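What follows is a structure written as structure tokens; I'll ask about it next.
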Amino acid sequence: MENIFIGIASSLRGFFSGLGVPDLYNDIIMLVVKLVSILVFILVNALWLVYMERRVCAFMQSRLGPIHVGPKGLLQSFADIGKLLGKEIILPKGIDLVVFLLMPVLIFVPPLLIYAVIPFGKDMVAVDMNIGVFYLLAVASLSTILFWAAGWSSNNKYSLIGGMRSVAQMVSYELPLILALLGVIMLTGTLNINQIVNAQNGIWFILTQPIAFLIYFIAGVAETNRTPFCLVEGESEIIAGPYTEYSGMGFAMFFLAEYANVMIISAMCTVMFLGGWLAPFGLDFIPSWLWFFLKMYVMIFIFMWVRWTYPRIRVDQLMGFGWKVLVPLSLANIFVTGVGMYIYRAIGW
Amino acid sequence: MADYSIPADLMEALKNKFPGLEIQENRDVIVPAADLIPFMSEIKDNQDYAMDFLTNLTGADYKDRFEMVYNLVSMTHGYTLMVKVRIEDKEKPEIPSLCPIWGGANWQEREIYDLMGIVFTGYTGHPTRIFLDDNFQGHPLRKDFQWQGGREA
Amino acid sequence: MFGQGLIKGLQITWGRLLDKKHTVKYPYEKIEMFPRFHGRFELDVEKCIACGLCANACPNKVIEMEKEKVDKKQFLTKYVMRIEYCLFCGLCVESCNKDALKFTNVLDMNQYRRSWVRLSLVDRPAPEAAEEAPKEETPAKTVKVEAAAGQAPVKEG
Amino acid sequence: MKTQTYSLNLGPQHPSTHGVFRIILELDGETVVKATPVPGYLHRGIEKLAEARTYTQVIPYTDRMDYLAGMLMNWGYVQAVEKLMGIEVPERAEYIRVIVGELSRIASHMIATGAYGGDIGALTAFTYTFRDREYCIDLLEMVSGSRMTFSYFRVGGVADDLPGEFYPAARKFLADLPGMCDEYDGLITGNEIFQARTKHVGVITPEMGINYSLSGPTLRGSGVNYDLRKVRPYSVYDRLNFEVPLGKNGDCFDRFRIRIEEMRQCGKIIQQALDQIPEGSIQAKVPKVIKPPVGDAYAEVESSKGVYGCYLVSDGSPKPYRVHFRRPSFINLGYLAKLCEGWKIADVIAILGSIDIVLGEVDC
């Protein structure tokens, strides 16, 4: 079980070299295979998360949720996607046509890029990069530009407000997000994600860096535009923010991308603070990739739980909270971590 | 039912102040249109009455006249009073606006203008239509308003 | 303390997550309406004397009826309710002295077309003479059964 | 740098204008410079329609105004007719009216509470209140046969007596009611984010509230103790013991909180009414064709949104000569333009939600 995916990969590689494919091409083919499988993974997961979100939300609201399509309504998201595919893509007047049509297509690029460096299990990472965390943070903020461009090109004031909010939110919450991770990086002294996971072999960083985890979680909620920071969408204020004018599959892409982003933030959380694919309490018989998914889904569930409990905060409060609370707090965390490490070394445990 | 109307002596004082006042048997008051603003200011500002709450403002279209109806309440004393103003001019009904005295009169006057066509004067940019389209012809609550259409048409 | 309300909220939603659900799987499970429910109309043609009180009581002119005089008695030939205009206020049922017009607690009256919504409770020819009258009871009864079974007679089209 | 304001059409189709209502916002960034409310998209001309119908036939139209509290809408109209005709309503009917009226008020306040949660972003609160409202509506359905537009009141009484199954069901609902209110309080009122969003937002001073003829929770949120049930008790409210919850600051939070408090008080009122309800007739002696004498009358009741009044003119015929409804939502909205100035878009939604309007009533 543990090496099932690695086994598949190596047998595939063996199959290609058996066909006489040179090593260089073989590497490229394997990379493409990995990326495609990640894309499939993202899409399937996003579809599942749409269903899960609806189900969890319904249960929290004393409802049943989707139960009609498939067993327990499991195929509901497929039905939705089918419906959305069949819908007309409405092009409003005065839009920037190229940007308007390009944005829903590009919206899956940042998640795809990020997943390349996330270890889903032991040795299960598409690209093992030395500057993984750095790369991840750099790429993660790209999606904001897409949201903003989508809002701008829609020629709708609601979309524009949403796009602007998205930029403002990203700028103010990217900083605490990065600063929170800095504590972890200080402890490990590496930017390689695999090594960060390995460093948590003894103790998860959620225990040594609880403040950083909290800041990361809050900033992560803001990054994914989910309640209580769902100002970008803000359905009771600005209809659907940047997606207001999108219909059919364009809307569905944004919708699925939101879940892809939720997965990324949860996966990052898992990797950085929850020990990644490491098994707790020596429960090694469960494969590492299963542990990873388990932890990721716990995080996703918490995201959903928070979403269906809290109201939305206002834009100026959002800014104030980001700059006046989270940034100083994360700086203080770095300071305390530094001092702690110094003392730790001085004592010489 | 308990009686919440203004006591007789206070009514008497009002009657002396505004000779044109006509007090009906159910203690509704009919005020001449010219006296409306001074009368309303008096009963609002005079602390004996303190009619500070304009509950209701409406109008009715009779054969020979329009009638404006104002329902006032005193928050401090608990009095209620119905004030009526008769507008004899059916062709061009006009009455001073109460907006300078009560902010609450604004929308209600706009409603009456919209539906009944009574023009409220003395308040800039007032009244305008509130429910119906700006291009709508006529005022539906007038008795002579005829509308063709509906499901039978 | 700040944050108490936030935690309380999470507790409440968590409690509801595992709690009893309050909705039902609608088309398969139905909630029985109360006996007084203003649902589909039902007309007992036997009792109806075609007096027209219901049509008069209606604020929205929903009821259309046609009657013919047979043997000095009014005979109801047509009774159509234009449900698309109905307010379901119950004034017609209340006005009925003979208890002929009634509400049932049947909920579904939805149709694919607006024109199909129209509810035709009686549609029958007048009998020629008095002795033929009993024969005519049968179609009236089928109409009633149809209405009770929850299928709107869609003859009107 | 040259900056300029822009206008944003909030509505008529917008998720949180509570119906077809439009506000033209003049915005500087996200800050409102000027707000112009535009009602009228749901105007059906009920006042004109009423002139072509008999007195009884108007009743179904009244509960299409505030369709969330239909019973109270019936009540105001029926009371005006009774005042005009001088009809004394039997005691049992009065108690039934109080019971169904207060149930209607609870149902309406539940929607106000939940929809306000939805406006602020807490959608779960919305479903919780709707879930509980169903049980309230069940009771009303049991009595009147309809779930929203009841048409249950008649001139001189009510249409039907309370069914036997009503009493245990009502008592059970009343027993559950405080728990429901606690749940809303825990989920919404106590939430710090919610408080940050609503406290000190859209403050109405008592003076302005009175000047602008506001009423109901909107006025009481500012601390003005004006509840017709206490100030000028009608029906049997003088025999029932209850409190009028008042706000302190007149902000959105107070207006919201008062509704939950009022629900608790409504529960108390219904409890007492159920205990006190006498046996007897439910319908006064009223002629078959209602023909009030020539004259006019104005009667008011405290609806869930505020003071609901009905001005009625009779010319002696079976049809009313003129009917005017004083709709609280409509008049409460008159202050909206001033209230919104200087706040953010999100606050406009919060302020509008806290006034609790029903567009059927606003546009009539």
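Here the chain labels run A, B, C and D in written order, and each chain numbers its own residues starting at 1.
In this section, a contact is a pair of C-beta atoms (placed from the backbone, for glycine too) under 8 Å apart; a residue touches a chain by one contact, two chains touch by 3 or more.
Source: prediction; values computed, not measured.
Chain nearest the geometric middle of the protein is D, using mean C-alpha positions. If you average the Cα atoms of subunit A and of subunit B, the two centres end up 63 Å apart.
Work out the mean CA point of subunit A and of subunit D, and you get 45 Å between them. Spacing of subunit B relative to subunit D, judged by their CA centroids, is 24 angstrom.
Averaging C-alpha coordinates per chain places the centre of subunit C 29 Å away from that of subunit D. Each of the following residues of subunit A touches two or more other chains: 60-63, 308-310. Shared interface positions of subunit C, i.e. residues touching 2 or more other chains, are given as 6, 9, 12-13, 16, 22.
Contact with two or more other chains is made by no residue of subunit B. Contacting chain pairs (ordered by label): A-C, A-D, B-D, C-D.
Of all residues in subunit D, those touching subunit B in their complex are 39-40, 43, 45, 47-48, 208, 210-215, 224, 226, 231-234, 296, 298, 300, 307, 309, 311, 313, 321-322, 324, 326, 330-331, 333-335, 338, 363. Residue ranges on subunit A touching subunit D, taken from their complex, read 57, 60-63, 157-158, 161, 227-228, 230-231, 234-239, 308-317.
By the touch criterion stated above, subunit D contacts subunit A in their complex at residues 6, 8, 14-16, 30, 117-125, 127-128, 131, 187-188, 191, 193-194, 196-197, 344-347, 349. Of all the residues in subunit C, the ones that touch subunit D in their complex are 2-6, 8-9, 11-13, 16, 22, 33-38, 57-60, 87-91, 94, 103. Taken in their complex, subunit B has these residues touching subunit D: 1-2, 4, 52-56, 58, 60-61, 69, 71, 75, 78, 80, 82, 102-108, 111, 115, 129-132, 140-141, 145.
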